[in-house]
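What follows is a set of structures to go through.
Each of the next two complexes has subunit A plus one more chain, namely subunit B in the first and subunit C in the second.
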Partner chain A sequence: MTRATQAATFFGITATIYLALLFQWLPITLPKTVQDFTLPVLPWWALVSFGAYSLGNIGYHVLTFRDCPEAYNELQVQISQAQSDLRSKGVSI
Partner chain B sequence: MPLPSTTTTSYGEFNSSSSIRTPSFSRSESALSDAISIDIQDDTTSSFTPLLHHHQPHQHFNNMAGQNHKYSVLLPTYNERENLPVIIWLLAKTFQENNIDYEIIVIDDNSPDGTLEVAKQLQKIYGESRILLRPRAGKLGLGTAYVHGIQHATGDFIFIMDADMSHHPKFMPEMIQLQQSKNLDIVTGTRYAGNGGVYGWDLKRKVISRGANFLASVLLRPGVSDLTGSFRLYKKEVLSQLIASCISKGYVFQMEMMVRARQFNYSIGEVPITFVDRVFGDSKMGAMEIVSYAQGLFKLFVAV
Partner chain C sequence: MASGQDKVVGASLLTFSTVVFVYYTLWAIVMPFVDETYFLHAYFPPREYAIRIPCVLLVFGLTVVLTFLSMVMIKSKKKVEKKAA
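Entry: the complex of A and B
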């Protein structure tokens, strides 16, 4: 099963359950507040939550992004070592 | 998919990356060389093990030296005249210091800047058994470059990396050690975990990189932190099989290799690496790269 199929299955099942609850297709009685106020906004809540999580995740990882100047400096030194060594051996660089 | 850099192109990774830390290498490297010097002596008395014998987990870096494995480094190049000598010098230095058997296979796609001429000079210095030149007639893509390289590889393990020095050979001993300790099929360098890091990226680049990686991890759930990296160690037969099953190009190709690896249940390990954005030549990332990345990602989402 591809990732797309998995995602489609997940959303299909979730949507079916949600719609069944929202339109009261099942013989289940939810509390009136849940039925009238929570359910209608639940998808938007999920969407906003996911968006917030995504932004938080990306933002956190950008902020904790570590530059590595020491790797750059080390490389610069090694580049000049390599070049002088190779030039002395006759490589045209 | 177009390659990331347009002028002086190397087969790069999606040069979008994210947070990484410095390598704490001073410590582990000294531990490494200690272990090695001990081991060289040990191994002179021990008998040879067959080539395909996989070592059981060890607590030390002990079969780094005197091992029977050979590592083939595939270096696809295009206009890397300035970078190639330095990267080969660094590779040779690393392998010699760690007593690792190696060969470097340069696959040059007919670079107009004379990369191949420089490679020939290097071959004279290091020898034809160490540096193999397997040029091709033109730019034919990364996947076929690896296929081409593998055909000529005599090692049982293959390293793939960029030739533009954004990947430093100093991480290879640690990748080898991790592979051996767990008998892994693949070890991939990661810029996104542990002591990994990136040098030379501005805020915009970091945001794009992190966003791209987040999107990929949500859609593909690959189980590795750096999907688009291209500094990796493979068992030879694993790499052959993965390449044969991959359909993408460019950095999406690197993502697909990881996703297919998960599909085939190959074991994958990660070693934090630092990524220094190319010193010589341009590294560009524009809107086109982002669009083709998104397209490639979606194709993988649907296909794998």
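Entry: the complex of A and C
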């Protein structure tokens, strides 16, 4: 099962259960507050949580990003090598 | 390690998103079940705004994004027409 199929299945099942509870297709009676307020607010809560999670994830990775000085030095050496090589072949840098 | 300024930006993003998540979860999920006379209710706006604010933000955000997209598409079409002329 591909990632897309997996995501679509999860989304479809969640949506079906949610709509079934919202429009009271099932013989289940929920407490009044839950039915009248909590259920309608759940999609918005999911959206806000997703936004907060995305932003927090970016912030966390920006915070804990680690430099790698050996890779930096190696890259600098390679850049100067490439420059001198190209210059010797007549490319102006 | 990430530069000092990067760390500040990252930490502020993280704390902001955590605060938003906790406040909104309390407001939308927990407060309806809390007795109306409890002091905490004074810290939250009326409950309908818990739906109105994300709705407005979503509509506004979509408008900005899609307007930008449409302007880019119109510009690129004009460029193609100019080249063909």
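Throughout what follows, the second predicted complex is superposed on the first by the 67 of 93 C-alpha atoms of A that agree within 3 Å, B and C clash if a C-alpha of one lies under 4 Å from a C-alpha of the other, contacts with A are read in each partner's own complex, and residues count from 1 in each chain.
Note that a residue touches a chain if its C-beta (ideal position, glycine included) is under 8 Å from a C-beta of that chain, and two chains touch if they have at least 3 such contacts.
Keep in mind that this is a model prediction, so the values were computed, not measured.
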Just checking: does A:Thr64 make contact with subunit B only, subunit C only, both, or neither of them? Give me first, second, both or neither.
both
Should A:Lys89 be classified as contacting the first partner (subunit B), the second (subunit C), both, or neither?
first
Subunit B versus subunit C, judged by how many residues of subunit A each one touches:
B
Taking the superposition on A as described, I'd like to know which of subunit B and subunit C A:Leu19 touches: first, second, both or neither.
neither
Touching partner for A:Leu75 - first (subunit B), second (subunit C), both, neither
first
Would you sort A:Val41 into first (subunit B), second (subunit C), both or neither based on which partner it touches?
second
Which of the two partners, first being subunit B and second being subunit C, lies in contact with A:Arg3: first, second, both, or neither?
first
Once the shared chain is lined up, is A:Thr33 touching subunit B (first), subunit C (second), both, or neither of them?
second
Interface residues of subunit A shared between complexes with subunit B and subunit C:
58, 61-67
For subunit C, which residues are in contact with subunit A within the complex?
1-2, 6-7, 9-18, 20-21, 24-25, 28-29, 32-33, 47, 50-51, 54-55, 58
In the complex of these two chains, what residues of subunit B are touching subunit A?
18-23, 81-82, 85-86, 89-90, 117-118, 121-122, 125, 165, 168, 192, 197-201, 203, 206-207, 210-211, 214, 218-221, 274, 276, 279, 300-304
Counting only contacts in the complex, subunit A reaches subunit C at residues 33, 37-38, 40-41, 44-45, 47-49, 51-53, 55-56, 58-67
Note: in the complex, subunit A contacts subunit B through residues 2-4, 7, 54, 57-58, 61-72, 75-76, 78-79, 82-83, 85-86, 89-93
